[in-house]
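What follows is a pair of complexes built around subunit A, which joins subunit B in one and subunit C in the other.
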Partner chain A sequence: MSDAHKKLAGRLAILAVGLAAPFLFPAYQSQMAELWLFVVFALTWDLAGGQMGYNSFGNVVFLGIGMYACVLTQVGLLYDIGIYNGARGGGSATFVFDLPHYLEGLALGLPVGALLAALAAAVLGAFVLGMRGHYFAICTLGLGVAAGEVANSWEWIGAGSGMVPPTPPQVIGDLSRFYYYFAFALAAVTFLVLGWLYRTRFGLAINAIRDDEDKAEAMGLQTTRIKVAAWVIAAVFLGVSGGILGNLKRFIDPIDTAFSGATFGVWMVLMAILGGKGTLWGPVIGAVLFEVIKEATWTYLLGWQRVALGLLIVIIVVFFPQGILGWLRERFPDRFGRRVEADLSGTAEETAR
Partner chain B sequence: MTAILKVAGVSKAFGGVQANRNVSLEVEAGRIVGLIGPNGSGKTTLFSSIVGYHPIDEGSIRFEGQEISRLRVVDIARLGLIRTFQQTRIYGGMTCVENMLISSSQRDARLLDLFQARSPEREERAGDLLDFVGLYPKRKLEAGSLSFGQQKLLEFAMALMNQPKMLMLDEPTAGINPTLINGLIDRLKRANEQFGITLFVIEHNMRVIMNLAEHIYCLAHGELLADGRPEEVQNDPRVLDAYLGAH
Partner chain C sequence: MLDNLLILVQAPTITVDLVLNGILVGAIFALAAYGMALVWGVMNIINIAQGEFVMLGGYVAVIMSAHGVHPLLAVPVAAVLLFGLGWLLYRTVIFRIVERDLFTSILATFGISIVLQQLMNTVFGGDVQVAQAHLGTLLLMGGMVTLAQIKLLSFALAAVLAVVLVLFLRRSRLGQAIRATAQNARAARVLGIDTDRVYAATFGLNAALCGACGALVAMAYTVHPYIGLPYTIRSFMIVIVAGLGNLAGVIAAGLSLGAAENVAGFVLGTQYQLAFVFLLLVVVLVWRNWRLARKRQYLK
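Entry: the complex of A and B
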């Protein structure tokens, strides 16, 4: 079997497992939906964090914006958002979403979320991507906290009491299964798009920025535009994932769900590093492992799960700073298309010493 | 012959240190011009001023007739004026070939042009130029794993990949194995002749610069001390004083 065939077979196997999983393990549907969203989180974080060397702790901003934008669009198409959010806790009004309207809201809401998240990335990126290293990381951390505080005090979108996404019509049936397929499709599309992106010159350009930004600039690469573009691409997918996550969770808390820097914000970094940042498969592997560990500690170490996660972070940073794939790449460079020794079969007349 | 680069009355101070004072010089298109001077005489500062790393205090810098002293680094690079660094700079986490591929000219490139797949012609050019500097057998190695001298050669090949009109080299032979220096001089000359790239070279190695350059400028204490053909500069008593420390 050729490499291309193997690759195709592998992808078809993942597709088959992904499609069948809700029927094979119906009890774990929502966790598996979350898993695919985590794959999107890790992949998009790695676009700027791993491939470009810009470690962001603020990507939850795009997640949250996508989440609110999607749900607000869904509601706003049929009802007044102020009245909808004001009615929580014992209002007399009822809000019904029938199937055509529900799907219409979703079909419009997810792209709106992507668009607004991308817009936010373009505007914020133009400012904060001028900073480098720790300054960038700290600044993005602040952005995430600030966004959460804004949402937490904005009455129109529900403020601190949060917001409830539209109740789906009965015919949709199992909501977790419904959104599982959205999450799976998004993860697949994200993976394919980023895989393509890393094969283009854009992929090389962001790697160059990671390795030496001054040099890249001196060679004529328009680094600012490239950096903003990378963040915008990450934000598009994160925005969509936000819309899915909000509807999947059935409740949006501004600080614990939408702009949750302490959970999703840190987890996406952790997943990418665990799997191996700067690789295509690393974030996927990291996300799967992380979700399994998170659910296992939640189940078997209830009360201590956060401690176990914290311990995991320490172990990864100390013993596996390059992540699983990074470690494998160092041990078996040939399998990753890299050589550690010169290839003397080349046509060079002389070899520099 | 027309001047591709015209520096007129450029001054630059860092706080109280006057790094360049009223420096004027010209580089003719298609030539190899040298810049020498004792340590701390302001050579690298002048290079950095020309390519836009810091604003100059006074004076004018023209590249192909266009004033560039107010342009940013990236815009100057896109005009076809490229510099290499004294402390070699390459993309350490990428392979040599990848270093080359991303170094191709950005002159007319827009952001959208980056979203193309890699082109076979570009790969071939990258291979040819790596062969030109003798690094072809190491093309799949991570650039960061090369020795300092090899990185210097790679940086030179990357600059050629960019197809600049003018290339400014900051000490191209420093740190290179002496047995390879002749080969490097030869390659610099060939880059000048075959690719038509104007070279402006800072060099400490007198034997190298005397062999290479057709015209040499000498800086001392931030000011232009002398200029002329290599043998003229070499025998100029003021230059000898500056190097041997008559002050």
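Entry: the complex of A and C
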């Protein structure tokens, strides 16, 4: 069997497992849906953090914007948002979403979320991505918290008491299974698009920015424009994943779900570094491993999870910065190493597992 | 929001009150920022756990006052305890990342900050706490301007600490070694300075400074496990505006940040005060970047 066949067989196997998983392990559907969203988080973080060398602590901004935009669209199509959010305290009004309207809201809400997140990335990126490395990192840290604080005080979107996504109609049945397939599809699309992107000139350009930005600029690359484009791409996928996550969780807290720097914001960095940043498969491996560890050990840590998480970050960053895939590449270069074959047209073919 | 602005113009005493109280808290910001500048300048590490050291110092004061000790005594105790913690952190984690790039240090200290913050949250819960110092309030300008005596005292103590720190860095052998290492670590090593010890002392000194700040914060204001990040961001912002090793700049920037924050809290509503701090950071960084970009154009 040739390499291409092996690759195809591997991907078909993952597809089959992904499609069948909710029927095989119905008890873990919501965790598996979360897993695919984590894959999206890690992959999109790695686009700027690993491949481009711009480590962001603020990608949750796009997650939160996507989440709020999607849910607000879903509600806003049928009802007044102010009344909807105001009635949570026990109003007399009931809000019913029947199947066509629910699907319509979702079909409109997810793209709106992606669009607004992309817009935010373009506007913020134009300002923020002119900065180099560590200034960018701390600036995005500020952005993430600022967004959470604003959402936490904005009455119209529910402020600190959060927002409840529309109640789905009975026909949909198992909600976790319904959104599992959304999450799975999104993860697959994200993976394929980013895999393709890294093989294009754009991929080479962002790697060049990571390796030496001044030289990349001297070679004639419009670095700021490329950086903004990369961030926008990350934001699109994060925006969609935000819409899915909000509906999956059934409740949006501005600081604990939407703009959650302390959980999702940290986890996406951790997953990407754990798996190996700057690789395509690394973030996927990191996300799977992290979700498995999280689900297996979380309950036994009795409230010490977040302390353990901080320790894990310190340990990984200090002792294991190259990640799993990076370590495998160093250890077994002939099996996992990068093979770059440049042809005359200037594009490079990279085969890395 | 506009109404509030109007109030400020029509009733200048309120403005005076806000600005004065802001300046008082600004002294604490300046002190924490000077510690960050010290670590950044000497060790080339941006310490994200800066605010968590402040928070820990605050908890020292809270615990001591809960056991009947006057929280003013907590200032030296917090400094000593935090010096120990800083030293310990250097010996376990920080010494491994001193030579690595700045981003590794950001991520590692970010991890440390999460550990400390969540540790305190798990042990003491997320409640807002204060250490009562039982001091009165000063009324000025016919009662329109209120200044808590503890805030004045904390301002004075912060000033004293700053003076002591500067004298220490200028006069003492260790202070001179710290400054020599900041200028050129290799040359310092050649001259027989144990830079590893200097780094440990610097990191401990910074933690001690933050701990003392934190004890003041707990007395004059409040502490809870999540106050760390805002203090880190404020320190970073002040250092960016003032530049490394510019004490006068740090003090000016710290005091004006305190005043600006207080006024903004009044105009926008207190619930937006933190958002203001974080957005101000973004604005400051963008402004700095814009200035650098303009400078770069001369080279064309």
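FYI, the second predicted complex is superposed on the first by the 334 of 353 C-alpha atoms of A that agree within 3 Å, B and C clash if a C-alpha of one lies under 4 Å from a C-alpha of the other, contacts with A are read in each partner's own complex, and residues count from 1 in each chain.
The rule is short, and it goes like this: a contact is a pair of C-beta atoms (placed from the backbone, for glycine too) under 8 Å apart; a residue touches a chain by one contact, two chains touch by 3 or more.
As the structure is a computational prediction, the values presented were derived from the model and not from experiment.
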{"item": "Which of subunit B and subunit C A:222 touches, first, second, both or neither", "value": "first"}
{"item": "Which of subunit B and subunit C A:57 touches, first, second, both or neither", "value": "second"}
{"item": "Which of subunit B and subunit C A:201 touches, first, second, both or neither", "value": "first"}
{"item": "Partner chain in contact with A:292 - subunit B first, subunit C second, else both or neither", "value": "neither"}
{"item": "Touching partner for A:321 - first (subunit B), second (subunit C), both, neither", "value": "second"}
{"item": "Touched partner set for A:210, first subunit B, second subunit C, both or neither", "value": "first"}
{"item": "Touching partner for A:17 - first (subunit B), second (subunit C), both, neither", "value": "neither"}
{"item": "First, second, both or neither for A:304, with subunit B first and subunit C second", "value": "second"}
{"item": "Partner chain(s) touched by A:107 [first = subunit B, second = subunit C, both, neither]", "value": "neither"}
{"item": "List of subunit A residues in touch with subunit C within their complex", "value": "55, 57, 127-128, 130-131, 133-135, 137-139, 141-143, 145-146, 149-150, 152-153, 262, 266, 269, 273, 303-304, 306-307, 309-314, 317-319, 321"}
{"item": "Partner subunit A, residues of subunit C touching it in the complex", "value": "46, 48, 93, 96-97, 102-104, 106-108, 110-119, 121-122, 229, 233, 236, 240, 269, 271-272, 274-275, 278-279, 281-282, 285-286, 288-290, 293"}
{"item": "Interfacial residue positions of subunit B with respect to subunit A in the complex", "value": "51, 73-74, 77-78, 82-83, 85, 89-95, 98, 101-103, 105-107, 109, 111, 113-118, 130-131, 133-142, 144-145, 147, 149-150, 153, 158, 162, 177, 179-180, 183"}
{"item": "Subunit B-facing residues of subunit A, complex", "value": "197, 199-202, 204-205, 207-208, 210-212, 214-223, 225-226, 229, 278, 337-353"}
